[in-house]
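Before anything else, here is the set of structures, which you'll find just below.
Two complexes come next, and they have one chain in common, chain A, joined by chain B in the first and chain C in the second.
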Partner chain A sequence: MKAGEVEADVLVIGGGFAGAVAALTATERGERVTVISRAYGATALSSGAFDMISTGVGEGAFEPALLSPEHPEIALEQLFRRNPFHPYAVLTEGLGEQRTEVLLGCFDACGLWLNDCLRDAGFAAWGRARETQAVPTQAGTWRLTQCSAESVRSADFFALGDEHLIVIGIEGLAGFDAAFVVDSLRHILRRDGGARGVDLAKRIKPAVIGLRAESGLARMEPFALASRLEEPPVAEALVRKLKALGSRGGATRFVFPPVLGIDGHPVLLERIRSDLGVEAAETLSAPPHSTHGLRLQRALARALESAGVGFSPAAVKDFDADSGGVCSVQAETHDGPMTFRAKRFVLASGSYLGGGLKADPTMREPLFSLPLFVRGREVEAVDIREVLRPRFFEAQPAFSVGVRVDSDMRPVDAWGKVIYENLYAAGSILADYDPIAERCGMGVALITGYRAGGGSLTDGPPAKA
Partner chain B sequence: MTAPFDVAIIGGGVNGTGTARDCAMRGMRTVLVEKGDFSSGTSWASSGMIHGGIRYLQYDREVTRSSCIDSGYIQRIAPHLIFRIPFLYSVLPGDRYSLDLMEVALEAYDRYQPLKGGKPHTRLSTKEALTIEPGLNPDIRGALTFDEWGIDVPRLCFLNALSAIEHGAEVRNHTEVIGFLWDAEAVAGLRVRDLRSGKEESIEARVVLNVAGPWADRVAQMAGCRVPLRLGKGIHIVFDRRISSVAITAEAIDGRGIFVMPHENWSLIGTTDDDYYGDPDRQRVTRDEVEYLLEGVARTFPGVRRHRMIRVTSALRPTLYAWGRYEDALSRRHEVFDHAVTDGVEGMLSMAGGKLASYREMSEHAANGIARKIGNSSPSRTHLEPLPGGDGQVDVEALAESTGLPGFAVCRAAYRHGSRAAAVLAPITEKPEEGEEVCVCEPVTRAEVRHAIRNEQASTIGDLFFRTRLAAGPCQGMGCALRAAEILADELGIDALAAHRLLRGFLERQWQNRSPVLEGDQVVQEELLRATFFLALGIGWAVQGESL
Partner chain C sequence: MGLRRRLSTYLFMGRYYLWHQILRLVPFMRGTRDNVGLFLSNYREDNVLPLTADERERAAGFGRCVNCGLCTAHCVVARVLPIGSLVDPRRLALSYSRIHTEFWAARDVLEGCDACVTCIEDCPTGVPLKEIIALMRAKAAEEVMTWPVNRLDESR
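Presenting the complex of A and B:
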């Protein structure tokens, strides 16, 4: 190996959720892995929910979530019929009637395995494909999902018993209005939550505490406050103010805005539980201050490090290929240009947000110039505005454009022919699904990342050593 | 028995609000109804200039002269609201007009400049022009400068409405005309519906003025009358920031004059002018219109395509009907129609045509017509009395000191509110959290948002956009739309679900303005905006059954 060169068995391009899952999978299979990441992308802005699939909500589609459990198996079967190019369909080609079961099982198994990888890195999420959660958002909606960050899941409507909830507002905190959140949660509970909902609506209250002086923050921005709350005196002040509330309201569970620390959040959550004897939950987080996403992104980096994965902050500029496939990629690092050689390459560079796709205004994949597809058709030199639909709140082909792959996750051309034998793709760069409107982005990233990393759908993930 | 109102005005654009102010100041009992928000139609999507109309010099000097006089009046009544926009007119080989020919025109224009406080033109060498604006095509043969004024049109409209209110008028937005009241063969008032509550009612008035802009003919037809219009569609492209130091004119492929212009915190490229035959409520901006403007500007200002487009504006000019002329050559004259003369219907007037810069004079003409009908002999005073906030200076530094706000935030509030800015921001002194920047892009404080809801008839997020420019920046509401909805819920006493509906309505409407220029970096922003509202906030998502 020459100076300025890195050699690995597997080179993963993209350090977001899909890329990290691919890297961890390949590592556990005994391969030497390096991840190249240009910058934080969509994962660092994610909400704290890990969706597998949305079953849709019928006539109330454009109302805030209806509070009834979803049936992912029905959604998947509809999806297989409706969209044979969806990554879930492509992944399970040839599995016949078992495909739904296999996918649901894979989501759960991969989720458990990943949770083991991440727990030591300071991040935990909880969920099962068949157990719908309804978790609160900063807008006071109940958001349906299959899995969420542990603190979020702690406010899951379906798992709550006879709890008394206090939604904690923090004076001056931008983007979180506790009174509004409670009003909204209550309305949806009464409208959609059945008898349990009506009952819970009576036991949910707002309260506002001040932390301006203690935090020393002139502007209460979420990240700034989350960092300050990791300092013992500020955490102390928070606990003191909560004690005053707890004794008054008889609360059994506090629901906070997502500001209870960044890397230190497990410690702070535990402290609130033990000092106050009250469960602590957080709502999902929203860009631009998506605390759960930031925690996840940082935990992924720590998990990669402790798994022995090489990590290089670099931007890929070019690549070399021969008849056997991709030989190497050239990337710009802090120390100048570097060449990365590997036996296999995984492209997990994301969609527009991550930089995996460009639309200037012609849609293209900038690294390997891979052909892009939507609705099963190649979009060659197409202006993004030609694939926009008229409404905001609907699935958008422009955000479903991507790379088409075979069932091994290798990009293919319009005739289904593999383009480079050793190039794989995973995550939101894939074609024919709208990760946002269909609410399946994290699930697809998890399962395609695992698959592109060399995992098998039917064998289940490797047991954590 | 007399009707409760002397005049009922249909349309809350610049002419409607301007006429309401004039009528109310003359002591007429005035009511105005607007189906959207004030300025939300043609006025808003104009170029936002109180210009003298140099382009009208070649065929309509009277329009230029009266525009310049009126521009001078507007500077006096709303000094806080106008800002100087220097223009660079550069000439490339092959352009329609040479520098010498243009200089002759500008010399003629210089004669009108003193009327509007403008500076005389100057002639620049290529090198001088490139020093002022390094982004210009270096092949230019030189350039000329001339001087115009810009204005925040939604503020101008609202300040006219506010002045009318302060002179006793009743002014209602989100109220649609659904029919007319009749007294035998004469119009005797309006049937209206509040589009928020659905409530219908009658408004009796001695005279009705129809200034519904592109909807004027449709409104007139409800009364069995016609307003002959030739609608001209005009779009602008909006950039996320000011992309040039001064305004730059350019020539489009068909030889028409277009421009790229810094305007408040944006830059605008405008404008197109195309005959329009469709439904005024369903305008769609096409890629051709966008490309036409970019292509023309890129010739003179080649870097334009590297900049970030965030949205378009689109509206219809209610130009007076004429056959046999190109759109561009249509007169910008206006006309007041007395439907007693044109259609045999008493009690109703319409006004159409004209241009933004002449709104005050047009409003005076319309008010004169109404005054004659009802026997009011007071003269117009709209050119003498300042608009609300236009009567004094703001000590920006002192206000920044007392509120603890950044100077830029205070400057923007002072721009919008003039001498009343201190009162708008006063709550911050007592409650610092009212100084929170709800919209960070513009910026707009919580105190100003509350003021707009309490005192400026804002009841939707779109209304707040017009009053304060909330959500006008590059993030297009990602960071502020929910907060705005929360404040609306708090102030209006509506429940959270109604606030969610306001939020969805705003996002849905803004998509129409964003999608025609969605490309490059803005696609990344759009993806983040979608993720925010669909995934992080759970405001709404598509149905499974909907195919991609």
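Presenting the complex of A and C:
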């Protein structure tokens, strides 16, 4: 091995969610893994909900009925019928009748395993594919999802008993108005939540506390406040003000905007729980100040580090390939150009925001010049008017443009022939799924990342003790 | 517009156009006034400053911002400092094209940026944030404050 060369068994290109899952899976299998990542990527924009599939009733419903979410099995069957090129469908080709069963099982197993990997790194999420949750968002809607960050999950509508909820607003905090959030949550509960919803609507109240002086912030930006709240005196002030509230509110659960610390959030949540005897929950967050996403992204980096995965911030410039597949990639690091050799390569470079796809103005995959597909057809052959629709809220096929793969997650060309024997793709660079309309972004990233990392779909990863 | 009014407009314009050409051709009639300077000084107090051709060319790169917010997510400065509305790197690209006259209000913010270039690495569309900050710093230094910064703080 020469200077400026790195050798590994598996080289993962992209350090986002799918890339990290692939890297952790391969490490678990005893392979030496290196991750190269150009930038932090779009993981920091994720909301804290880990969707597998939209279980909202009816297609494109923005506020689905709270009481009767669809069964994920039915949603998946519909998805397979509607979109045979969806990554879920491609993954489970040849499994026949069992495909939904296998997918749901895989989501649960991967979720449990990843949770074990991330718990020590300071992030926890909880969920089961078959147990839909309804968690509040920062904008005051109830969001149906399969899995959510642990701090969010304790405000799950389906898991709430006779708790009294107090939505805590923080004076001057940008993007969160407690009174508005409560009004909106109540409205949806009464309209869609049935008798339980009407009942719960009576037990949600807003309250506002001021932290301006204690935090010393002129402008309450969510990230700034979150990092200030990790400082003991500011956390102390928060607890003091909550105590003053608790004595008259009779609350049994607080719902906060997602600002309770960044890396230190488990400590602060535990502190509120132990000092006040009240469970604390957060709402989901929204970009660009998506606290849950930032926590996840930082936890992933720490998990990779503690798993012994090599990480190098580098931008891939070029690659070498022979008949056996990709041999090496050349990348530009802070210390100049480097060559990375590996037996297998996982391309998890993301979509437009992650930099894995370029639209300048024609859509292309910049690293390996892989052919891109949309709805089963090569994107070059499709009229641009089919890809970019004129109406804003229409499903935009441009966001489903991506790389087509075989069931082993290897990119294929228009004839279904594998392009490079040892190149695998995972995450949002894959074609024909719409993380917004179908609400399956995190699920696809998790399962395809796991599969591209070498995991087997039918026997999931071993849950750690 | 009636024919008469149109004709009189053209005559009026023609008269001043002729006068302008005579002034151009006959140097001594121009006098010693710095007309360009005078023109610019009229806008000076409103902080409307001329852009060079080079700056205008760069402005095209600033238009690539899609407001995704990735730069904000990792900006150390935005997370720590209690600062004004221009701090957020996400807003820099937009503000460069919108409020040229009020860069002075962000002087301390622009000084706060420690040029770690995380935002530039993160940007999916390659907005030249470093250049934006450099240009905004230069412009902010040239501009005059049009009202006390304190008042701005109080209003928040």
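Heads up, the rule we're going with is that the second predicted complex is superposed on the first by the 445 of 465 C-alpha atoms of A that agree within 3 Å, B and C clash if a C-alpha of one lies under 4 Å from a C-alpha of the other, contacts with A are read in each partner's own complex, and residues count from 1 in each chain.
Definition applied: contacts are C-beta pairs under 8 Å (C-beta built on N, C-alpha and C of every residue); 3 or more make two chains touch, one makes a residue touch a chain.
Please read these numbers as outputs of a predicted model, since none were measured by experiment.
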item: Room on chain A for both chain B and chain C (clash or fit); value: clash
item: First, second, both or neither for A:Leu353, with chain B first and chain C second; value: both
item: Touched partner set for A:Gly250, first chain B, second chain C, both or neither; value: neither
item: Which superposed partner A:Leu388 touches (first chain B, second chain C, both, neither); value: first
item: More chain A residues in contact [chain B versus chain C]; value: B
item: Touched partner set for A:Pro69, first chain B, second chain C, both or neither; value: neither
item: Which superposed partner A:Leu284 touches (first chain B, second chain C, both, neither); value: first
item: Which of chain B and chain C A:Ser227 touches, first, second, both or neither; value: second
item: Touching partner for A:Ala44 - first (chain B), second (chain C), both, neither; value: second
item: Which superposed partner A:Pro337 touches (first chain B, second chain C, both, neither); value: neither
item: Chain B versus chain C as contact partner of A:Asn83, first or second or both or neither; value: first
item: Footprint overlap on chain A, comparing chain B with chain C; value: 42, 45, 287-288, 290, 352-353
item: Sites on chain C touched by chain A in the complex; value: 68-70, 72-74, 78-85, 88, 90, 118, 121-124, 153, 156
item: Chain B contact footprint on chain A (complex, rising order); value: 42, 45-47, 49, 51, 54-58, 61-65, 75, 78-79, 82-83, 137-143, 171-172, 174-175, 177, 179-180, 183-184, 187-188, 191, 284-288, 290, 351-353, 359-361, 374-375, 383-385, 388, 390-400, 432-434, 436-439, 441
item: In the complex with chain A, residue positions of chain B that touch it; value: 287, 432-433, 436-437, 475, 478-479, 482-483, 486, 489-490, 495-497, 499-500, 503-504, 507-508, 510-512, 515-516, 518-520, 523-524, 526-528, 530-532, 534-548
item: Residues of chain A defined as touching chain C within the complex; value: 38-42, 44-45, 216-219, 221, 223-224, 227, 287-290, 293-294, 297, 313, 352-355
